[in-house]
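Think of it as A, B, C, D and E in the order they're written, each chain with its own count starting at 1.
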Amino acid sequence: ERGADGQLNIIYWQAPSTMNPYLSGGTKEIEAASLVLEPLAKYDEVGALVPALVDEIPTVANGGISEDLTSITWKLKEGLLWSDGTPVTAEDARFTWQYCTDPAGGCAQLGQFEDVKDVVAVDERTIRIEFTKPKPHPYGPLTGGQSPVIQKAQFADCTGAKAPECTEQNFNPVGTGPFSVTEFKPNDVIQFAANQNYRDPAKPAFATVLFKGGGDAASAARSVLETGEFDYAWNLQVEPEILTQMAAAGKGMVVSSFGTSVERMMINQTNPDPALGDKRSTREGGAHPFLTDPKVVLALSLAIDRDILVEAGYGAAGRPTCNVLPAPAVYASTANDECLTQNVDKAKALLEEAGWTDSDGDGIRDKDGMKLSVLYQTSTNGVRQGTQALVKQMWDAIGVETELRNIDASVFFGGDPSSPDTFQKFYADIEMYTNNFNGTDPEKYMASWTCSNIPSPENGWQGQNIPRYCDPAYDALVDEMGKTADPAKRAELAKKMNDMLMQGGVIIGLVHRGGVSAHSNTLQGVKMNEWDSELWNAADWTRKK
Amino acid sequence: MTAETLLSVDDLKIHFPIHAGIFRRKVGAVKAVDGVNFEIKRGETLGLVGESGCGKSTAGRAVLRLYDPTAGSVSFEDVNIAALSHADMRAMRPRMQMIFQDPQACLNPRMTVGTIIEEPMVEHTKMNAKEREAKVQELLEAVGMNPSFASRYPHEFSGGQRQRIGIARALALDPDFIVCDEPIAALDVSIQAQVVNLLQDLQKQKGLTYLFISHDLSMVRHIADRVAVMYLGKIMELATRDQLFASPAHPYTKALLSAVPVPDPQAEKTRTRTILTGDVPSPANPPQGCVFSTRCPLAQKMNDKKCFTEPPAWRELGDGRRVACHFAEG
Amino acid sequence: MSTGGILVREDKAQPHSDAAGAVLAVENLHTVFHTQDGDVHAVNGVSFSLKPGELLGVVGESGSGKSVTMMSLLKLLPIPPAEITSGSVMFDGRDLLSLSLQELREVRGGDIGFIFQDPMTSLNPVFTVGFQIIEPLREHLGLSKRDARKRAVELMEMVGIPSPEQRLKDFPHQFSGGMRQRVMIAIALACDPKVLIADEATTALDVTVQAQIIELIKGLREELGMAIIWITHDLGVVAGIADHVAVMYGGQIVEYADVESLYANPSHPYTQALLETLPGHGDHEDGRLMSIPGQAPNLLNPPNSCPFAPRCRHRFDKCDAANPPLFKVGDDQIAACWLLEDRA
Amino acid sequence: MGSYAIRRLLFAIPTLLVISFIIFGLLDLAPGDPTGQLPLTIPPEVREQIREAMGFNEPFIVRYWLWLNQFLVNEPLNLIETACKGAWCDGFVTGSEDRLRVTSWSTRSPVVDLIIERTPQTLWVVGMSYVVGILIAIPIGVISAYRQYSWFDQIGTFISMIGFSVPTFFTGVLMIVIFSVWLGWFPSVYDTTLVVNSWETFWLQVKQMIMPVMVLALFNASQISRFMRASMLDNLNQDYVRTARAKGLGEKVVVLVHVLRNSLIPVITVIALGVPQIFGGAIITEQIFRVNGLGALLINGIQGADYPLVQTLTFLFAVLIVVFNLIADLLYGILDPRIRYD
Amino acid sequence: MAHMNAGEAQQQHRSLWGDVWRQYRRHKGAMAGTIIFLGIVILVVFGSYIHDLDPQFLDIRNKNQGMSWAHPFGTDNLGRDMLAQVIAGGRVSLLVGIVAMALSLVLGAFVGVVAGYFKALDGPLMRLTDLFLALPILPLLLVIIMLFRDPLRAAFGPETGIFILIVFIIGITSWMQTARIVRGEVLALKEREFVLAAHSIGTNSRRIVQRHILPNVLSPIMVSATLGIANAIITESALSFLGLGFPSDYPTWGRLLFDGKDFLQITPTRVLWPGLAISLTVLSVNYMGDGLRDALDPRSRER
């Protein structure tokens, strides 16, 4: 029964700064907004698309997707209402597209609408999305937490340059979700009340939601697991033994699930030597003196005991992996699994083979007067520093010297072209971070490592091919995937690309990371979901009596 | 005594500006010294007396060019030091020195006696460390202290001893002229005599010239050859010691003398005092006319407008003494 | 006659031994400071008494124990480090030293007024002069605010502060030194004390202001008839106003006499020397001043010999052997010097 | 005194302008980018567009000038307009619609509104801890000085040193573990939505404030009690204290009226100098107890490279520092009658 | 003529520092503080020769251990020996404390003396002080790291480089208090007669400052110094909290405490020891400061 279970307390230690996911692409904002704003369809906990505002998922088979793969047609549920009581129409969906693609608006989800030619409101309830080219996977726009439908009536005056000025609208969007905002304090706390016009009259079970932000992951976990002040805590990236110890208090449980996130090492294919000046870490600056040798990289990879990394830093929320694309299962390659078990002897042998020997007896291998010494950087974060320390010691054992560096996350990921410390500039030999992709389709993700995507001074260091890998064969595979619709074929291609990257010594996969959250023992219905917002099914959550 | 003039001060004025208001405009001045004239002959001691705040120290410091005069001149051996450049003045410094009132405050507590005394030598001579040390010993001897004290710190000494250290420092460069700014005021009765004796002995030995500032009239009477009496930035009377104490001409001098207690119960019982009423006016806003007019018994008695409107001239009476009073007679 | 360092004095040779008519009688006072270097024996067996209306001058060079003696009377010393080891202070038939702090407070400021040396620092800078005068009035006389104010105005008038009504609201720094000392006197006189102790009340002041204050005290004494202890090191001042004079040295009274006899016939070598240092008194033929050689005694040890002996020109064996008691010299004059032993 | 204050304020204007320029320059130099917090899945072209929309790519001087104009002209006008709404001056200032306000990049809302929203909890917690700290510190300082080297003094010194030396991030966590986890007395998360309108809610408010306030108060009290003690010791030996005793006043009056009043003069100015820190918030404590006041706002802004927010906050902070420096000087003049400014 | 009597002449000669030391030794708190501080310094400097485990060695199989003979302070969650880390961290923390304090002291004393002594510079320098008080330390830190990390790394190596940066930042953001205090003292000192005496001798300003002003502001400077050490150690730990301190393989007490705070319930010793080390250091340094102040104050010495 709606509202019968009182208040739901959620803590996101990183607090949402706005309720408009189009203006902030941050996960925290997207998740908070998902309580209010809904897309046409969501991904469920196994990554399958499930209908939200529509009755069924369009496919080629049911005629929802055109044969030439250039358009997709969604049909809204009957009788859908916004929380203010007005009906939801196809116009709203069209408006959403217009809103996000307005060039002056600075929409963060522009990527979701890539290749969209037009969004047509065929009738009150029918939405047809047309693409400029055939889309083997046409489910991007208006699905998933990143691109929910917003109300035209509310945002009509907030397009373009005016978008950021509509504070009231951005903080209190009218939505179709189970809750609606009653008070929004940016970066602090949000209060929600059950949406009286929610499509299922029996839901949500909670009358109000308190959505609190601030603090750190450990204290958020504590407030659910130890003090029981909160029902749900998100993103509990803390040392596993702490969570175990807290969970022992018996007030709540830790849940995790896996998506596509991989903690990986990017291997710089270009030379980061400061002496190169402007040419540093660019292809003009020349190849890396030794990391372009796949044997060396493989040796580095084999020297790492991934189980220990997982045990020390991730616990149940991590699994060893040797891939950059570990999920969904159909895309996961097994060709590289050799490195899942540490093999120091083989690593040493590989290095010998590549000509690296410790000729001066200082414990560090060298070749032609050059030491096998790497600068290994990552963002500042307790778990990453633990991993760094462990890896450093493991590499020590095979005669590789490691210098560690950690950079404040806001700088590292900040992308400021004037800063030498961004991950794009990559003024180091190896850097480590996590990346993933939205939804379940890896096409765009795997296209990151094409030659044209290399960050360089010319493109303002904007580019996702961080290792500066460039292989025409790889680019050809990317092209091919763009034209292939057959799922089995696509999986084949994706695996091939993954293997090229791994075996070519471009990326070292370390840990397949899952999301970790905690909820109190009295909260029922939580289905951890890494493919969409974790709060995707908050309407179904109930309190155990 | 030869009548060669060593130092002459002519219409010297030292005004300290007062700023006020939002833009710190100058709104007035403390007329600490407001047109004084005197000269000191080589080898003599000129006493300068007056109440607290009347400008004695300021005048003494101005004579050494520690303040830049607002107006007037100070001639030392016919060189007007008020107009000298700082470099030239520095060259003059060894010839003129100063002894301070508070023997505690005038010695840097963190320097040894030796370093204190040798500082002027370091500044002005090319003596090496050995020579300086020898000179320090000699000076300490000269002021009656054990030369071994050179390595001690000022706080280990009594007031009288500290004052001797100050004197030794002043003597370090064999000056001709020393300004003694109340050198005995902070000392105990029994020690005052020692210091005064020392000053007199040194004067005899080295032919020093003193400007002796004090408010202790009995001590001035003992040490000075001539005495100048100051009031509110101006000199009221300048005369030889005997003239001044025997027959003071200025009403202020009279009052001052009568206020001095005499250590003789008999005399004290019989003598009549002139008690000045009221306080010294502020030097920022001195009275019109004669500066002493507000407290002057004579002005009150005569009730002459002149006293309150017209500053008295600095005039010479018949017997050589000089006075600034409309009514004073020899 | 020295036993264990504490002097046993002959009864007859006490300053005003006829303590009967005295308002204040101090008997064999000893005060010690416990310091890190050892005990400083600042007051060693001081005895004197004070008749109503009498003015006792106390002279001596710096460090001779004048202030400590007077502050011991009212326990105004910081305790610790100070300790009053023995003695009695009879006032009004009670021994002040054995009173409780509560009872002592009534005497302080009520029956005995105190004026301190430095008028610049002795007044609390952050309270108005009026507040500071009114405080003891309310404390001791229990006056209402209005009455206390009225009395304060009277007092200020009495000590010669013009337009007292307005000046009550002024802060100490707005007064000149002389005026401040008048305020101190007004505070000390607030409750009509029987005894007024002035500790170097004019030392910090100009001669002209000093003359004003002395005139004022003379006048007040005649008017109010209280007993006064006037501490100074200026022999001239004492000559003008005192009835009796006590000369202190090394924490002891070395000579006590009526003022005329003292100046006419100083009997202790220290008194003599003190008078000779004054310009025009004992000058050498060559015009140099007489001076007392040496330094004030180190009080770290209890006196087992004459404290003045090291500086004394008449020093002989006995001086180093024992501390001399007070010997009677004249009718109203006693002195502590072994030279006078035979005369007594 | 009035003209002194005005003169100082006039001097403060160029100083503050220079400060604002330097802060702006500093932030401009600082690495970091408002899009840095976004997930890596957002492509670079989109990031570029976002930056464009924020005006991040304008030249430095233009941005500075814009900010200055927005902050010094538009914001005050806006404040007047809202304050006047419905009051006698309604309509004096209009046109808020097209006045650009200083807007935060991460929340897309006016910075001044954010600051106004955050101020209450900061004042409650940090301010209260300051007050509590002072209230604890003064008696401790007085007694420690009056009984110098007594056991009270020694213990007081010891505790204040501990309070000064243990970082608040540690005391905070310790308190939470003891009082929230083990004893369950106080909540570990501060509820900023709580409205105090009854005894019950008041009690809740007290409960949630106790821990952060205590953590900070310990730190504040440690420092202030040291000042207080030193100042008391200076004054206890002054001549006027002896005078007060000679007047026959009781020890209580002597110490608590005469000495305390004088000793408080330097301490109060020190306290005044510390006030801007209250408004600056206590970054660490606010984070630990999730008070989400101004300190948390600032650190979020810095981490998110939200420069309009950081610029405005730090500038306001600078204003407070300059103003409270002046206030401290003026207080000195008011409390100590000897000091006259002209 | 006064002649020194025998007792006085015998007084053995004492130097100023000898006096200070004599007075200092009498201060019980100061002596206790000195002994503890020296103890900590000795432990930290020579401890690694006795307890010779590598603080960076990860023994993951022995993580989260309590106290034992092999690991007297236990181990952390990666199996690093805590005692070795506390020793290594202490070196950094103490060095940061001392060097940053020295820097802030030199800056503060310089600004204070110049502002106090040269009237014309007083206003500008005091405004500069205001500016520094108002500077936001975190962005400043980021800017400085960005601008200088690479050159410093090239010149001094990675660890010394970041050390220099952190020390520099703590130093330049904490001198203002010292400057104010020193300025106040200098303003008063300038009016003292011994400065006037130096003027009358013809000493120039530079030497007056050197010989007469600086030695006399020594005691407030010394007290600032002791507070400065404590302050720098604490600031470093706060920087660690905000993730801007030293790299993780470079332990400091503040960092150990911060990293260990979430393990409070698992391995309490992990926070106990670094916390104790910080507190004891600050405490002892503070007592030393108290003692120094008393010892340097000539008034207290004359008593």
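The rule is simple: a contact is a pair of C-beta atoms (placed from the backbone, for glycine too) under 8 Å apart; a residue touches a chain by one contact, two chains touch by 3 or more.
Everything quoted here is computed from the prediction, not taken from an experiment.
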Query raised in the report: Between chain C and chain E, which partner chains are common?
Result: B, D
**Report entry** Shortest path length from chain A to chain C (each step joins two touching chains)
**Finding:** 2
**Report entry** Higher-contact pair (C-beta pairs counted), B-E versus B-C
**Finding:** B-C
Query raised in the report: Which integer distance in Å separates the CA centroid of chain A from that of chain E?
Result: 45
Report summary line: Note: chain D sits from chain C at a C-alpha centroid distance in Å of 55
**Report entry** Where chain A and chain D are represented by their mean Cα positions, the distance between them in whole Å
**Finding:** 38
Query raised in the report: With chain centres defined as C-alpha means, what is the inter-centre distance between chain D and chain E in Å?
Result: 26
**Report entry** Multi-chain contact sites of chain C, meaning residues that touch two or more partners
**Finding:** 291, 295
Report summary line: Multi-chain touching residues of chain D, meaning two or more other chains, are 29, 31-32, 173, 181, 302
Query raised in the report: If you look at chain E, which of its residues touch at least two other chains?
Result: 1-2, 142, 146, 262, 265
Query - Residues on chain D engaged by chain C in the complex (per definition of touch) - result: 238-240, 242-251, 253, 258, 261-262, 265, 335-338
**Report entry** Complex interface listing, chain C residues touching chain B
**Finding:** 61-62, 176-179, 206-212, 214-215, 233-241, 259-260, 263, 273-275, 277-281, 283, 287-292, 295-296
Query raised in the report: Considering the complex alone, what residue numbers of chain E touch chain D?
Result: 29, 123, 127, 130-131, 133-136, 138-140, 142-143, 146-147, 230, 234, 237-238, 241-242, 254, 257-258, 261-262, 264-265, 271, 275, 278-279, 281-283, 286
Report summary line: Per the touch rule, the chain E residues reaching chain A in their complex are 56-58, 60, 63-64, 77-78, 80, 142, 145-146, 149-150, 154, 158, 243-244, 247-249, 259, 262-263, 265-266
**Report entry** In the complex with chain B, residue positions of chain D that touch it
**Finding:** 3, 6-7, 10, 342
